[in-house]
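Report on the following structure.
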Amino acid sequence: MEVSVSRKAHFNAAHRLHINAWSDEENKRYFGSCNNANFHGHNYELIVQVTGEVDPVSGYLIDMKELKDVIKEEVEDRFDHKNLNLDTEEFKDLNPTAEHIAVVIWRLLRKRINQQLKLKITLYETERNFVEYSGN
Amino acid sequence: MEVSVSRKAHFNAAHRLHINAWSDEENKRYFGSCNNANFHGHNYELIVQVTGEVDPVSGYLIDMKELKDVIKEEVEDRFDHKNLNLDTEEFKDLNPTAEHIAVVIWRLLRKRINQQLKLKITLYETERNFVEYSGN
Amino acid sequence: MEVSVSRKAHFNAAHRLHINAWSDEENKRYFGSCNNANFHGHNYELIVQVTGEVDPVSGYLIDMKELKDVIKEEVEDRFDHKNLNLDTEEFKDLNPTAEHIAVVIWRLLRKRINQQLKLKITLYETERNFVEYSGN
Amino acid sequence: MEVSVSRKAHFNAAHRLHINAWSDEENKRYFGSCNNANFHGHNYELIVQVTGEVDPVSGYLIDMKELKDVIKEEVEDRFDHKNLNLDTEEFKDLNPTAEHIAVVIWRLLRKRINQQLKLKITLYETERNFVEYSGN
Amino acid sequence: MEVSVSRKAHFNAAHRLHINAWSDEENKRYFGSCNNANFHGHNYELIVQVTGEVDPVSGYLIDMKELKDVIKEEVEDRFDHKNLNLDTEEFKDLNPTAEHIAVVIWRLLRKRINQQLKLKITLYETERNFVEYSGN
Amino acid sequence: MEVSVSRKAHFNAAHRLHINAWSDEENKRYFGSCNNANFHGHNYELIVQVTGEVDPVSGYLIDMKELKDVIKEEVEDRFDHKNLNLDTEEFKDLNPTAEHIAVVIWRLLRKRINQQLKLKITLYETERNFVEYSGN
C-alpha cells in the first residue's frame, strides 16, 4: 500500500528578486516591483508530501511528529523571520524566486528523509501563486 | 529541474445544463435542478498549472504576470459576468458541465502557452465539486 | 450567559442587477457587467447568527439541527439553483444586490426564529465581497 | 478526454491510536497523546477523486449526485459521529491511523464505483495533516 | 485608539452530549447522534480576541507571544487530545456543548489576561457551526 | 436599513518592529525575531467594512467598484511590494506593528469614504494573527 502523507508548515520572510549579473535596469524591467531594492515579503505556506509503503504493524508511513520536527529544523529555523537575500547561505548567490525556494527546500529535506520515500514540495508564495517540485 | 507553477483566478457566470437533442423531460430527469430553464450560477475558481524546466538564470519557469494576463484575456474577459449558454461561442452547442468548461479553458490557454510547457486546469464549480484536465 | 451560535449554508443562483424604472443605458452605466441582460451567477455563502441566553440545563442556545432545517426551508429551497430575478417572488420588483438579498433572508428567517433571540445575517457574494444585516 | 472529478465530504469521529499486540508502555511511547485511553477526535475532511473518460453526450464523467450518495452511504453513515475503534467493524483490529482510514475508505468506495474509473482518496485528519491513497 | 487583536489556536478532542439527570432515551432524542455512548470528536478551532488601548510607545496591544503561551497553557494543554467528558475537571458535570466549551474557555483565559482588556471567544466545532462568547 | 458591506484586498510587504528611542538590546528583547535588522515580511490580508443606510432605489450601500478603487489607490499602491519602514512616509517614525498598520489604513481610507458611513478595518498579518480598528 503506497500512501502519501503531507504536512503543512509556514514561514514569514523578506526577499527581493535580483540577479547580480544584470544591470539595475534589466532587473527592474524583468522583475518589476518584485525587484524593489528595500525588499518586500511573504507568508510562505509549505506542504511537504512524503510517499511510500505504510508500515503494516503501526499503520504509519512516517511519524508526523518527526516530520514536523525535521521541517522546523531545516526550513522554519533557517528561513522564518529572515531576509532570504541577506540572512541565508542558500540565496546569497541564488535568486529567491518561488521556484528556487521550493528546490532549495526539497534539497534540504531530501537529506533528512528516508531515501526509500519519495518527496514533493508545494510552496505558496501568495494565496494565488504556488509552485511544486518533486526532484525530477 | 522540472517545476510546476500555478496561478489562481476566478469568474462568476450563469449557466444551465441542457442538451438540445434531448426532450425537456429527459433533461430534467438527468440534470435535475441544474437544468432550471432560467439558469443558476457559480463563482468558478480556476487554477492554471504550468510545468517545465526552470530557467537557470532568472529562476523563473514562466513570468507570473504574463500568465495572469493570458488568463484574463482568454478566460476572465470571455466568461466573467456572462451567461455561458447564451453569451459565449464555446457553449452555444456544448453542454456547460464543469468537465466541459475545464476542457474548453485548457484549449483556450494551450494556444497561448509555450508548447514545451505542460498545462493542467483545475476548476472549482463549488467549494465541494471540482474537476481537473491535463489534455490527455 | 449570552452566547451567539452561527450556522453556515450556501446556495447557487443566477441574477442581474437592474432597476425597471431606469433606462437600459442608466442601468448599464450604474451596474456595469452586473447588469448583463442574460444574467450571471454566484455561489452565495450564508452565515446565520443567533444570539441569546444559553439554556442552563441542555447547554444549547438553539438546536443546530432545527436551525439547519429552517435555513433549508426558507433559503435553500427558495433560492438554490434559481434565477433570483425570474424565479422568485422576493426579487420580482426588488433589485437583487447582495444588500437586498441579506435583508430578504433576514426577514424570512426572523419569522421562524424565537423572537427572544437576536438574528444577524452575513452573506458572501464572492470570496472578496460580503454584507451583514442585523435588522436595525 | 480523461478528466478527474472530485467531491468533498466530511465526518466527525473519535479514535485512539493503539496496537493490541503492544504493551501500554510501547503504545504510549510510539503514539504519544494520540494513544490517550479515553480517545480524542477529529473533523475528517474527505476528497474523493474519480478519473476517466467524459461522456461525449452528457458532458458528465459521473453524476455528482450519485457520487455524493455513495459517499454518504459508505463513509458518512458508517463513520460520522462514531468511535472508530469501538463502533466500527473496519477498525476493530486495525489501528485507525489516517493512512489506514484512507485505505479503508478507498476499498469501501472501490466496490461501488464503475471499475473503468480510477479512484483516489485524500483525507485531512487536521488542517495541517493529510494523506492520499490511489489503490497502488 | 481602541484596537482588537485576535489569535487563532486549535485542539482535537472527543466528547459526547449527555445530561446525567436525563434518561438515556431523553438524551438520545434530544442530542441524536451527538449522544453516541462511545463518543465522537472534533478539531476545535479557537479565536481569542482581546480589545483595549494600544500602547503608544511599542504599538502593541498585547504581546502575541504571551497570548499564544497563555492559550497553550490554559486551553491546549488542558483539552488537546483529551476526552472532554472523561479527562477534564471542567466537563465532569457540565454538558460539553460548543456553547459551554466557549464559556469555560472564556473563564479560564479571563483570569490570565489583564482585566482592563475585553475578551471574546469564538469557537468553531466544525467548519459550519461556531459559537461566540464575550462574558455578558 | 443599516447594512455593512465588506471588501477584501491584500498587499505583500517587508517590515521590522523597531523603536528608534530604544537600544538595540531592548528592541531585541521586546520584539524578538520580529526585530531582525534585515527585515522579514508578510502577505497582509485586509477587510474594509463600510456601514450605513442602503439606498432604497439602487439597493447599494456603496459601489463596490469604487470601494475597490479607493483601496487600491490608498493602500495597495502605497504599501504593496514595499518595505514599510524604509519606503513609506507613514512608518518612518511609527513602529509598523499590525495594530499601527490597521490604524494608519483606517485614517487613509476615512478621508476618502463618505463621512456618513462608518468604517472598520480588519488586518490579517498571518492566518493566525489579526487586528481590528473602528476609529474609536
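A, B, C, D, E and F are the chain letters, set down in written order, and residue numbers restart from 1 in every chain.
Just so we're on the same page, contacts are C-beta pairs under 8 Å (C-beta built on N, C-alpha and C of every residue); 3 or more make two chains touch, one makes a residue touch a chain.
These numbers come from a predicted model, not from an experiment.
Think of each touching pair as a link: the shortest run of links from chain E to chain F has 1 of them.
Using the mean of the Cα atoms as each chain's centre, the chain most removed from chain D is F. Just to note, of A-F and A-D, the chains joined by more C-beta pairs in contact are A-F.
Using the average of C-alpha coordinates as each chain's centre, B ends up farthest from chain E. Here the spacing of chain C and chain F, counted between their Cα centres, is 29 Å.
Here the spacing of chain A and chain E, counted between their Cα centres, is 34 Å.
Chain A has residues 127 in contact with two or more other chains.
Contacting chain pairs in the structure are A-B, A-D, A-F, B-C, B-D, C-E, C-F, D-E, E-F. Chain A makes touch with chain F in their complex at residues 10, 12-15, 33-34, 36, 38-43, 80-83, 86-87, 126-127. Put simply, chain D touches chain A in their complex at residues 17, 19, 21, 30, 32, 94-100, 102-103, 127-134, 136. Put simply, chain E touches chain F in their complex at residues 1-9, 49, 54, 57-61, 64-65.
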